[in-house]
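What follows is one structure encoded as structure tokens, with my remarks underneath.
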Amino acid sequence: VRGVVLQGPREITVEQVPDARLPGPDGAVITIEHTAICGSDLHLYHDAITGTGVQLGHEFIGTVHEVGPLVRSIKTGDRVLVSGVIGCGQCATCRAGQPALCQRNQSGIFGTGPDLPGGQAEAVGVPAADAFTLVIPDGINPEQAVLLTDILPTGFLGAQRADIAPGGSVAVIGLGPVGIMALQSSLLYSPARVFAIDADPARLARAARLGAETVDASDGTAVAKVMEATSGLGVTSVIEAVGADQTIIDALGMVAPGGTVSIVGVNLSMDMAYPMGLAFLKSLTVRATVAAIPGTWDALVPLLQTGRLVLDPVFTHHLPLSAAAEAYRIFDAHEDGVLKVLLDPTA
Amino acid sequence: VRGVVLQGPREITVEQVPDARLPGPDGAVITIEHTAICGSDLHLYHDAITGTGVQLGHEFIGTVHEVGPLVRSIKTGDRVLVSGVIGCGQCATCRAGQPALCQRNQSGIFGTGPDLPGGQAEAVGVPAADAFTLVIPDGINPEQAVLLTDILPTGFLGAQRADIAPGGSVAVIGLGPVGIMALQSSLLYSPARVFAIDADPARLARAARLGAETVDASDGTAVAKVMEATSGLGVTSVIEAVGADQTIIDALGMVAPGGTVSIVGVNLSMDMAYPMGLAFLKSLTVRATVAAIPGTWDALVPLLQTGRLVLDPVFTHHLPLSAAAEAYRIFDAHEDGVLKVLLDPTA
Amino acid sequence: VRGVVLQGPREITVEQVPDARLPGPDGAVITIEHTAICGSDLHLYHDAITGTGVQLGHEFIGTVHEVGPLVRSIKTGDRVLVSGVIGCGQCATCRAGQPALCQRNQSGIFGTGPDLPGGQAEAVGVPAADAFTLVIPDGINPEQAVLLTDILPTGFLGAQRADIAPGGSVAVIGLGPVGIMALQSSLLYSPARVFAIDADPARLARAARLGAETVDASDGTAVAKVMEATSGLGVTSVIEAVGADQTIIDALGMVAPGGTVSIVGVNLSMDMAYPMGLAFLKSLTVRATVAAIPGTWDALVPLLQTGRLVLDPVFTHHLPLSAAAEAYRIFDAHEDGVLKVLLDPTA
Amino acid sequence: VRGVVLQGPREITVEQVPDARLPGPDGAVITIEHTAICGSDLHLYHDAITGTGVQLGHEFIGTVHEVGPLVRSIKTGDRVLVSGVIGCGQCATCRAGQPALCQRNQSGIFGTGPDLPGGQAEAVGVPAADAFTLVIPDGINPEQAVLLTDILPTGFLGAQRADIAPGGSVAVIGLGPVGIMALQSSLLYSPARVFAIDADPARLARAARLGAETVDASDGTAVAKVMEATSGLGVTSVIEAVGADQTIIDALGMVAPGGTVSIVGVNLSMDMAYPMGLAFLKSLTVRATVAAIPGTWDALVPLLQTGRLVLDPVFTHHLPLSAAAEAYRIFDAHEDGVLKVLLDPTA
């Protein structure tokens, strides 16, 4: 089968990769219909931190081609979505839908190494299929299904772990695809005020359309603007969806004493210069979150089905899998108003 | 001053009552501008259970006429709203805005006895004014202010104590004024499905307009209809806003195993025939709630100010205080499409 | 194999029953080593409400004799304990260890009907074995293991769902085996005061030894005594472990405004005379609970292993399975200081 | 009156300071009977970061000498304890006993500046006395009362905010006075395992006596030891009671994925080298806490009164106020087995 392979920093090819195989008796092989590029894929794209030769991609949906003998919840021919993060599938946290916290230390992300090939391909093997796949429910369209594999759960958990109470206030820093998911998810918790912060005018305009008070961060004064808008108190919750050191520092700067900062932006620094004194003097709660994806489906699927959560469109670009190198280039360069790219492995 | 006095079952007069006096050094005297009749006033109206000669009314707003020497948060001339339920004002629960749970057993409701004359009058004395009054915030109009004195907090607490999670399901039984407040408050918790249950077509039509799935209870099959609509599982939360034995029994019938029933309807029976076996076999949580009014203002005021909570109009009738007898009669008889009555003591 | 069979009210025999069989590909057959009689078995014993010919027993441990092809977590020869309550094993609540809330309505209790034969026998078939069995962990002795199949989880959940906060107060009504488990579990939540209520002097003496303030209920004044001891406020939490109408009414009488009553006593009345007015005026939370057994093992097993929870001995009588009729008679008659009976199927 | 004054780094005098005065109509003047030196006083002692000439001390109890006209809860002659942290006394968080989060930005600590003279003196003025003093309850001895002014609430909040569940595991890093309070408080939440970490053998011996598993940190391998003792999983909660960069880093290293780190050690760095990548990959919650002192009294006082919380003695040294310079020197130098010093202003 064909797959997207990272050959080195900013070097992508689409080529024949080994056929997808059952990863074990509890696994399945999925023929992929749609697969997306995630902002976190760019970390690999830039630096090849996971090594070269990796088959990329952790956001994908498709049709079940084969199941192992222990699989019970899906069968050949089912159309399924797959959690981008998986684990052993049997420990208490995996059973509770939180593979990122797998108690057997088997947590992993598709498309980050040789043991778990990615889903930007024509087919892929999925371990522990009962725990990490979901037959696409009635009323969920393919784009929603792809978003349920990673970034909607990520944004939703970012909101859930931000301790937003009805009547409170929240700021969302970073309005890329995950930030948009976080912004829309934060509204589910009924804050009285929602600030949306970014430096990009188009992204701010979208946030304004979704009902947020926008804060232009392009001049570096986002913290001051939020403090002024809140009479010097700050907001009770902040969701950080960038992952840069400065935006994390800003988050701690604009949150009110006793408040919560919820970080879903990827920041892998082991020695970030961190304002611990601010966290202490303000008695803050600071959470970071790798998405516990399947654990969110019970909440998100019904909200999408009944239309109480209407996701703003994020897939600006649809390209064939064969154009993956160009897709990565456009996405990385922020060209052409790109927000998120969907690849079609059948083309 | 003039006030509304309950002379006996279904017998109301408007007459001179003793001038309002400071109830103590921490009290205030309020000149009343707007005062509403509450559904719970009808309990007194029907049976005069609190005795005759009682000056009625616990929903009112007005202007501060006089304050005692210990009062710090309001001053003469301020326009204020007053909690319909009060307590000692100094214990931990009163300080936390929950006078219904006063730890000194001094919880009381205006207009229910001689010690605490009601606010359907030209003026009234308010004890512990720092704890139980609020200067009407910018952006809150008089009708909203009156609703903040009782029924909006009641409906909001009903929703808050119903354990509604994003993506869950809720049924609201009874769509009178408190039920409408509960229905709108339940939406703040982002259930995927909201069922609104009543026997009155006009009330159901309003609920449909507010986004609920309506269930006509006029044929006595509300439980069956909810069970069918939920594939036999029931809803995860029910808010009961009637207070009748049967609607409470229905609530336990339609809630899912492990779910929560939140009762805000007034039911004072000491020997209601109760399906404890159902509560046990379903492992239910059943809460009843007398409104902890001031404790909700921090959440509700900002939601009203920013328009994230837009209350559907409930005041169908505006009458002068002098017409109180007629107002009670209309309200009790459900005449003329009445939903809620506002009285004007200045007329 | 031999099993205990209910022939009719108060009529027990031990006789040959059909050999235990795999209930399906996800099931197991267990050779039973120890099995206990539960207080709830007496409901069946008294009235045969589940019909005659039922093979009794839902508290048992043993050795795995055979497993179906889908079973992954246990193997032949393992010594296991089994949840007394089971469900489908695959829905979200079953996976979370709460089969009493099975979303496929397949919740069931061993030993209550022909479809699920009981464990007071030499062997029994266990459905969905991955979800409902646990290899007996190191450091857990057989009596502890039997208690983990039902009454310790029941008592623990009763305490967990009583909203006990550090420094709060709790009353436990009923000091039978489940009540003792609830009392010891309540101490895990560090109330400042613990009242233990029963009419039996020996049971009160045991509770006193465990550190509780005892309240003799034999004169019918338990509520008054608790109110006096708490200066008229009542306790913040009550665990009801009897299941009688009057003890439930007492629980509502002695709990403080805003408090929680947690019912683990079995009460199956569909028209109990219930003081709803009291629940309303006090703004109470009232929970009833069928044990969500496997969901408690992660907390209880480590507490038993490290000795931070040291269970007071409850098995006063050890008898061979062949003496089951006599065992039920003694247990039912409260003869000989009996608290709980363990049966040995190998004898 | 005499008071302890910080003249410069490591330079303490006891001298005449201005007489204590009412800080306003809601304030009180307290004649001090006992006052302690806090570990956080050493931050000032070392560096005089708050400037020179400051009258030190925020842990004190005494007798009410005078009250302002608005004070209601205490009167002249009452023996009271005083919260070491105060605020405006009137906002919602102050009323809820959390002056560290004062919504009017008036949070302050006694003894840290000219506006709020400290309690290492013969007398001191206390603002907002209703909110921040407590008449010493029956059954509370003077040493307990002093501990309730700061370090017991601090340790208790550290435990409360560590998300310890029954059967979980916790590590306490640092076994000074606050660490001991945190260790004893953590036991209130019934973890199955409690690790106590320090480099001092005497402190470890005390922790062992209190029931903890001790980890000697003197060789810098505390993280490895905890990981080994937990089969590589780590502990679900960590309470950090040192405030050093390295112990905070260690806390993140030994906590399990999905776990919580609760920091009560004082760390005021604005650019600490922080392992954010670890926090992200483990999906951690990290809280820091300035004590919300009065909010803890409702829980702690009853626990002390009934003996369910028996504090291990921490006051190793009792000295007259006049010996304050020597007291600071001994405390800072860890001489003579000092753990905590109590000063007597009457001597």
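By letter and in written order, the chains are A, B, C and D; residue numbering begins at 1 in each of them.
Rule of thumb we're sticking to: a contact is a pair of C-beta atoms (placed from the backbone, for glycine too) under 8 Å apart; a residue touches a chain by one contact, two chains touch by 3 or more.
Since this is a predicted model, take the numbers as computed values, not measurements.
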| item | value |
| --- | --- |
| Pair exhibiting more inter-chain C-beta contacts, A-C or A-D | A-D |
| Contact-pair overlap exceeding half with C-D, pair selected from A-B, B-C or B-D | A-B |
| Centre-to-centre distance between chain D and chain A (centres being mean Cα positions), rounded to whole Å | 40 |
| Chain A and chain C: spacing of chain centres that average the CA atoms, whole Å | 43 |
| Shared-contact residues (touching 2 or more other chains) in chain C | 298 |
| Touch list for chain D against partner chain B, complex | 26, 69-70, 72-73, 90, 92, 95-97, 298 |
| Chain C-touching residues of chain D, taken from the complex the two chains share | 156, 160, 165-169, 188-193, 298-303, 305-306, 308-309 |
| Touch list for chain C against partner chain B, complex | 93, 98, 100-103, 105, 107, 161, 232-233, 248, 257-258, 263, 266-290, 292 |
